[in-house]
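Two complexes are shown next, each including chain A; its partner changes from chain B in the first to chain C in the second.
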Partner chain A sequence: MNTLVAEFRKLVALPSTLVAIGITLVCSLGITVLNVSQIHAKLASGNTDSMVNTNLVNTVFTGPSTGVIGVIVLGVVIVSSEYTANTSDAGGGRQIVTSLTCVPRRGQLLAAKGFVLVVVSGALGAVLVPVTILVSRAILGQYARPLDQTIDNVGGRMVAGIVGYWICAALITFSITVLARHGTIPLIAFIANTSVVSIDLLLAKFTPIGKFLPDVAGSQMFSVNYPAPHMLSPAWGGTVMGLWTVGLLGVAATVFVRRDA
Partner chain B sequence: MWSARSDTTLEIVIDICHLTKRHGRTAAVRDVSFTAAPGRVTGFVGPNGAGKSSTLRILLGLDSADSGTALIDGAPYRRLSNPLRTVGSLLEGSGAHRSRRGRAHLSWVARSNGIPRSRVAEVLELVRLGDAARKRVGGYSLGMGQRLGLATALLGDPRVLVLDEPTNGLDPAGIRWLRQLLKSYAAEGRTVLLSSHLMSEMANTVDDVVVINDGRIIVHGSVGEIMAGHATLEDAFFALTGDQSDHRRSGEPR
Partner chain C sequence: MSLGNATLAELSKLSTLRGVSATLAATVLCAVGLTALFVAETLHQSLVPHQLAASAAVDTALRVIPYCQIGLIVLGSLTTASEYDGWQIRTSLASVPKRAMLLTGKLIAYLTVAVPAALTTVGTAVVATETALGGHRVPVGALCAAHNLLAMLGAASYLVLIGLLANAVAVLVRSFITTLVLVLTVVLVLSPALAAVTRLAAYLPERAGALLYQSNPDTDGVLTPVQGAAVLGTWIVVLLSAAAVAFIARDA
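The block that comes next holds the complex of A and B.
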């Protein structure tokens, strides 16, 4: 318990944690509010010509699915902060040395970090995704019926799917950062893959095995009309992403326990 | 003042036995054996790259040895429960993330080992870090970072102190304060092991000396024994090592 509380204190006292939470908020809520407000304005003005291909539900969920960037940053920071060297003027050194002298049982230390990450990223998702839906309904007003119908039918699955997707994405970046012992490369790679060009999505469009990649498989937990053919069911998508997560955590733990600090 | 235990007579020995560690093809530590006894300040002396830090990192469970053992009270560090309440250590400066405040750093360290929060204020007072504890560690001077590292080491009121180059960045008053602190710790029956490449500084602080050069222990004994026939510990060191330590080859061990 002491290790868990210490890891939680360690995480919340880092300014970059606040940045990660801010990114999650802006991406989830901010993007959705902007998109939904535009749709409401068009619907209210009767100018709906440009909305022929607009899917209201997907528009609402664009924010939460982009909000994963925040928990990806969190997954990187919780590990990379251990390996960030202090300035030579301040004596150099890395926090990992203190962490391992405090908790020399490395499996225990890594498990505590992972648990704290799951709790924080899960709590963020569990709060922000329903809030995003409620805010969208409030903005749409009388035009919210298509959204309400979808939420009534598959809303629970979509909310749980996004929260599960956030937790798995955070743990996957966590594992990769444990292996890399550095935050920059995992951060650039994962954020670019999520927001700029999804290599996973491109592979899913052109190869049959692409649907088993973690990002593509995990997206099936909450996606409606995913832009690639022959995708897994939500349950199988979640299972495949979960297996990727467990596998990478296992590799990271094995390496972390055995290597020199 | 908070104390980790009521039994203050417990004496703990550091026992390093036939320790060997390689980094690739380079042997950083070669068959190193020595003990650090309770009630004594033991100086682990040698030039930069002699193998001091590598030995201490293995002792503290940070690195693993290729062969040999490094035990504290008969057990490897990794098997200690709440280790900071037995062993306080200083390696790599403050050991704090640069964007964290000094007090916040000590707070999570204390919690990790079940040390009461009140102890944080006590050690900050002890190392004279004062108001700097509210600053972010990235803005610390070398000496302030070292004081925070010492505060971390003292947090658990440990029976054993393992300090790597503890006087780095300390001003003369800080060095004098540290010397008195270490001597008082040893006088209470605690075990103190500190490494340094500054021979003259060590001569004024330690009771026993372990000299290491090029990964090998050259000699181990009391200060009096080591310095016999020499004006200074530095003279004794160069006599024992054949004055080779200034001319180390590249690719030297840590």
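The block that comes next holds the complex of A and C.
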């Protein structure tokens, strides 16, 4: 329990955590508000010709699916901050040495970090995704469906799916950063992969095995009109991403427990 | 100390950073790998003409630019942010107390590395496309037509400029990771997302700069390529000025 509290306090004390939460807010709420306002404006002006291909659920979910960058940053910094060398005036040491002195059981330390990450990213998702949907409804005003219909239509599945996707993405980034002991490469790789220049998305379009990549598979939990053909079902997509997460966590834990800090 | 010496010192710092050579190698390799994918996709479409139009080949090659820009952004951030990883900046300022000169030296050193790197990346992408096209190859003469060369040059300039932007942001925030997160999120995520929503997104640095090399830009004709270059230039001038003022005025 002490370890959990310690890890939580370390995480919230990092300046990068604020940046990460800011990015999550801007991406999930900001983008959705802009998107939905535009749809409202079109509906209000009666100019609906350009909206034949618009899927409202998809529009609302664009924000949260890019908001995952915030939790990816969290997954990186919760590990990489331990390995950043201090300034040479302060001895040039790394925080991981202190952390392992305080919590010599490595499995326990890693489990605490992972647990704090799951709680924080899960909480962010569990709050922000429903808020995004409610805000979208508020903006749509008279054009929004009644609340019970929205819940039927969007469904707990999609909300749970996107929150699950955030948690898995955070844990996968976390595992890779544990292996790399450095934040830069995981950060570049995972941010790029979330964006329009996603290598995974390219592979999903070109090769049949691309659909088993973690983020491609995981996106099926909530995605409508995914931009590549022949994808897994939401349940299988979630399972595949979950398996990646568990597998990578296993590798990271084994390495972390065995190697020199 | 003269500006020449300051620049040489900065160049020697850049060349000894492990991250720099790794980034440059990764950028060029990434260009080769991705062109292979893009060419495969182009040839996969039904009704591929026996010989592709030269501009289509160049367009295929330049599709790697949004990916390869990550390399130049990393290079730009590294040039300045590496000074703040362990306060090397204090040593640098003790050796070159004129702050404006130190910053100018850094920028010249960045350009010295970035210009050849960008030209190599674009050149490699074009050569790799030609190789991968195989039987559908475009004759060299057609490939070197003025408008194609202009697009390639535009792509290389864009790469150099977006790295310069990252440089300015790095001076302002003094942290490598924060610079990367900010610039990559704006360039790779927010910019395309906003473009779907508002025409004003055309004025974002990445959108405006992309006009330098895209033959079919999707900005609804808000800006012409020349205006796009001007907008990106303005972003860089504003950010660099802010960076210079901050760097000269504040405590290191």
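Side notes on the structure shown:
Here is the rule we use: the second predicted complex is superposed on the first by the 251 of 261 C-alpha atoms of A that agree within 3 Å, B and C clash if a C-alpha of one lies under 4 Å from a C-alpha of the other, contacts with A are read in each partner's own complex, and residues count from 1 in each chain.
In this text, a contact is a pair of C-beta atoms (placed from the backbone, for glycine too) under 8 Å apart; a residue touches a chain by one contact, two chains touch by 3 or more.
Since the model is a prediction, treat every value here as computed from it, not as a measurement.
With the two structures aligned on chain A, chain B fits next to chain C without clashing.
In the superposition on chain A, A:Ser16 contacts both chain B and chain C. Touch criterion not met for A:Ala235: it reaches neither chain B nor chain C. In the superposition on chain A, no contact is made by A:Val246 with either chain B or chain C.
Once the two complexes are overlaid on the shared chain, A:Asp89 sits against chain B and chain C alike. Touch criterion met: A:Gln38 reaches chain C, while chain B stays clear of it. In the superposition on chain A, contact of A:Asn2 is made with chain B only, not with chain C. Residue contacts after overlaying the shared chain place A:Ala261 against chain B, while chain C stays out of touching range.
Using the contact criterion defined above for the overlaid structures, shared-chain residue A:Val73 touches chain C, although it does not reach chain B.
Superposition on the common chain A brings chain B within a closest Cα-Cα distance of 9 Å of chain C. Residues 15-16, 87, 89, 92 of chain A lie at the contact with chain B in one complex and at the contact with chain C in the other. Interface residues of chain A facing chain B in the complex, by the touch rule stated above, are 2-3, 5-7, 9-10, 13-16, 81-82, 84, 86-87, 89-95, 97-98, 100-105, 258, 260-261. By the touch rule above, chain C contacts chain A in their complex via residues 19, 34, 37, 40-41, 66-67, 70, 74, 86-87, 176-178, 180-182, 184-185, 188-190, 192-194, 196-198. Residues of chain B that touch chain A in their complex: 57, 60-64, 77-78, 80, 82-84, 87, 89, 91-101, 104-105, 107-109, 111-114, 137-142, 144-146, 149, 152, 168-169. Listing the residues of chain A that touch chain C in their complex gives 15-16, 19-20, 23, 26-27, 31, 34-35, 38, 62, 66, 69, 73, 77, 80, 85, 87-89, 92, 183-184, 187-188, 191-192, 194-197, 199, 202, 205-206.
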